[in-house]
């Protein structure tokens, strides 16, 4: 049981009459790369929100690093070692890139409680933040407002922020969505290069990316897991093909 | 026993007045999501104009109509000239309509003076009804019926007529509504005019109930806002129910603990909003 | 300090970013209006600047407008000259809160150099302005409407008041209701704020001291839209209902009272049925007996002069403004030259005039002593009026009580609710 | 490279001049304008405090008159009943204002946007209702008159002295707010404004941050209320009127809510305008209404927002094609096109 870095068991999420997740079980061992795929509306993002704590399940449990966190709010899960990115880039748009990093770092220590000194002058925040920026090739953009960044840079910043907190579990919600092919390749490379001590769960629409990056793939449809296995197994699964062809026909 | 009947019916009658005021707001605010703090000012326009005409000898119903039409046109002017530029931006809407309310209130003060005036009670509705030992003002009784009738009519218009469908479509998704050929700006203009026209109607009737002064605009506005929010934005039935509840709570609050009257009303509204932000009948809000 | 003052001014003024001053519109005080008024008038003894501080906005705007109109009408009738002094009027808007009220009071005194300030409707603002006038400005204040009892409870103060204290005009009504009308049990129905408690208290004290009983007290919040819940609570076995609700509240109260068919006769504080709302109240006011220091029905040359000059018909606020003009004239008559605020203050204390309301003088606390009229609403020539039933001369803020005894009573806000016990 | 460039020198000189102007104001103008300036300072502080919730916290409160009024009643009740000196009144007012604001914050945890606006309005109205009826304590509508300033040192009790006292208090408070706003705590409140989900996923307790924003704001709003009542010598329910809440909202918007000093500027402008216009006409409410409308239509980002925009534009123009590559206009064009809807 403790082998799983993050796991959801029998998760159901009901919105009014709509059941977004229906008895989903998903257990990801430590160090694994897991991709979640499935058509639009399959419940992938809802599942992410349940795992990260933005939503509380109607029923079912969530464990993080062996601990039951079903009732633990998002910010506490974050402190336990969970980091996530958002499907639609969700950064602090009106703050600078550097401030985004500094705030993320401040959450790791007592620095976030300081209320009398400027953010950049607290402890080693400034130096650490600059190191992160340099590491992710964002050094030139530190003073820019996030909303002024190119979209690809924003996606990279999201991952940089998530990684700056040294998470044990990283949830990536469509990291390459909306990126130009070049940016997507760059980002795929960055994710592939993440150390194996980190467990990564990602939602990914681009099959090629998903299959390249992942060890295991889970396929969701209409709120259920309809298939799971290695990329090769899933790629040949009839139900999966059907689900995707069905979506193609709809669109 | 009869006293309690009187209290209860009167609570409903007062609630009906609140609904008349709030009905326009449920449309402009609840449906269109346009915050109109000048709603009370249009209430004043209707009331003062009808008072002016009626005291000059104009037929009552004609005076009423003139007040409603004037406020509807005024509302449409404000919508066309200013508000439509601020679609979806609630804060500027608040500041703008507050400004409009200040101007209208101040101009009424300048033209009519600040002494209270009252449009006449509708002809035939003066005096009380007597049933056995029970005495109740006719006008107030009729007002309950008018409120319910108005709720039914507005609700049905929105639900079952093509115009209503257009309005809902325009509010739900402006892009798509445009795409299917609905003239969204026109729809918004007319709907806003209806909202301010209803405010004026409430001004004429409510003015006969409570009299009018330039300050009355804001007094009724706060109560109407409460009704709309408690009822749930955009729900006509909710607004009617909320109006009745607020009317009854207000009535019994005044009877049982008069010294806490203002506190009880606002504190209970605050408590409700804190727990159920979408009001009694509003749809749950997803975040 | 003096050595470099001029330099400091010059240097700082040249260099500073005077945002604050800029926001004031860079107004040059001397450019502003010399206080308006009849600029052509010249006085044989000089001139006096009068600050009129009454509301032009907010719920009391109508009252303020009437007071100003009354004062200006009197001034006009005298050609802009009172007792040999040309009167310059500086007008300011009292507004709706103390912040604005004191700002404008300061503007009148410090910029317009008013030698006396006349006005104030809102008691909360009067409470804020009066100490400034007395301690800082040292300019006399003549209050024309604000009613709070406490404003004129200090001897040798700087504050004078022509209008009633909230309880003053009610006091003659107590014995009248009990003895003359023979109504033994009264219900008090009034507004739940200081004016309401004080007015009701003045009635209740004198009524009970005359040997009758207040059997029930009902107070409704200021701005009550619907009086239905309150009028329905009135005990049916009482003999009379005492009502105090000025302005819009009075309109609503009387209408609800009649609509719900309550049959008990009404006695009222005069402000409940004064001429500013009587027409709007219409038939619902018929038969109401009330007490006030004024009614346009007074038959005297002084009142006729007022009614002739005011195109709107008389009311208590016009009379307050008019009487303020007469008071100032009487005070100035005793000053030969150089009417400083100190001289005006001293002169005011001794003023005795024959106002439209009747003989008027000030007590040792600066509060006017005057006749109070018991009036009844009747229809006359198609118009409702407050006809005089009788009058009580020389009513002071202490009624028939000894000032020292009266001042020892607890405040009416503490007594509210205890009359019926 | 950041040495004393001409730009910085100019800014420094302007700053010094502004400070000098503020300090010397009583010498430069008459007692009336000094009084008006005192009010502007206090309302400016109130607006700056308000903006900790509004501009920086992203929560449009329509209930701040409650905290302002609580500060005022602390003076009224403390001084008239127990003869408290200012050094007792002030901490009490700060604690009460902060506590009330914390309650507001807690009540508002689940609401956003227009609902938050209405909820804060209802809460403030409930408190104003209490103030109106608990006459034993508050004096009801007449309020508490004749509040003595004798507790203040005699040098700063009146006129110019009180102006300098206010200037000092306001300067200290504004400086504290400035430090708070730039600190990790203040910045994380801004973070919550930008994205609550992001902040909580980063490990911040966003609900608590919202409550903190209210608490800080309420505490300083109460200080403004305290000083205002020392200035006026009286307090009444008018100090809690909901239109005060609306006015401070307009201050913030008009001046520029995204700028630290914007609301202060807005307060100065509106107060000055009110005093100035009402000198010439009784219809100043109409003028104020026109200003509100113009603000909503043309100055939604405030005067400072407009000014900042103009300055940036001028800079861009001046820099022209030779500008440093940092301008990178290419990046900007990609943003809207590729962002998923």
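Which chain is which? They are A, B, C and D, in the order written, and residues in each are numbered from 1.
We take it that a residue touches a chain if its C-beta (ideal position, glycine included) is under 8 Å from a C-beta of that chain, and two chains touch if they have at least 3 such contacts.
Note that the structure is predicted; figures quoted are calculated from it, not measured.
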Margin query: So if I look at the partners of subunit B and the partners of subunit D, which chains show up in both lists?
Written below: C
Check: Chain by chain, through touching neighbours only, how many steps does the shortest route from subunit A to subunit B take?
Finding: 2
Check: Of all the chains, which has the CA centre nearest the overall CA centre?
Finding: D
Checklist line | Furthest chain, CA centroid comparison against subunit C | finding: A
Next item on the list: Find the two chains joined by the most C-beta pairs in contact, please.
Entry: C-D
Notebook entry, point to check: Counting in whole Å, what is the centre-to-centre distance of subunit A and subunit C, each centre being its mean C-alpha position?
Noted result: 71
Check: CA centre of subunit A versus CA centre of subunit D: separation in Å?
Finding: 39
Next item on the list: Would you kindly tell me how far, in whole Å, the mean C-alpha position of subunit D lies from that of subunit C?
Entry: 37
Margin query: Using the touch definition from the top, which residues of subunit B touch two or more other chains?
Written below: 106, 259, 261-262
Note to self: Residues of subunit C that contact two or more other chains, please.
What the structure shows: 57, 192, 221
Check: Which subunit D residues touch at least two other chains?
Finding: 132-133, 282, 285
Margin query: Tell me the shape of the graph of touching chains, choosing from line, ring, star, complete and other.
Written below: other
Next item on the list: Can you identify all of the chain pairs that touch?
Entry: A-D, B-C, B-D, C-D
Check: Which subunit C residues qualify as touching subunit D in the complex?
Finding: 5, 8-9, 12-13, 15-21, 23-25, 27, 29, 32, 56-57, 92-93, 95-100, 102-104, 106-107, 110-111, 123-124, 127-128, 130-132, 136, 148, 150, 192-194, 221-222, 413-414
Next item on the list: Using the touch definition up top, name the residues of subunit A that touch subunit D in the complex.
Entry: 52-54, 73-76, 78-79, 83-84, 86, 88-95, 99, 102-104, 106-108, 111-119, 122, 125, 140, 147-153, 161, 165, 177-180
Check: What part of subunit C is in contact with subunit B in the complex they form?
Finding: 57-63, 65, 192, 218-221, 223-226, 228-230, 232-233, 247-248, 251-252, 255-256, 259-261, 276-277, 280
Check: For subunit D, which residues are in contact with subunit B within the complex?
Finding: 60, 107-115, 117-119, 121-123, 125-126, 128-130, 132-133, 242-243, 246, 249-250, 253, 282-283, 285-286, 288-293, 295-297, 300
Note to self: For a test of understanding, state which residues of subunit B touch subunit D in their complex under the given definition.
What the structure shows: 35, 82, 85-86, 89-96, 98-103, 105-107, 110, 218, 222, 225-226, 229, 259-263, 265-267, 269-270, 273-275, 277-278, 287
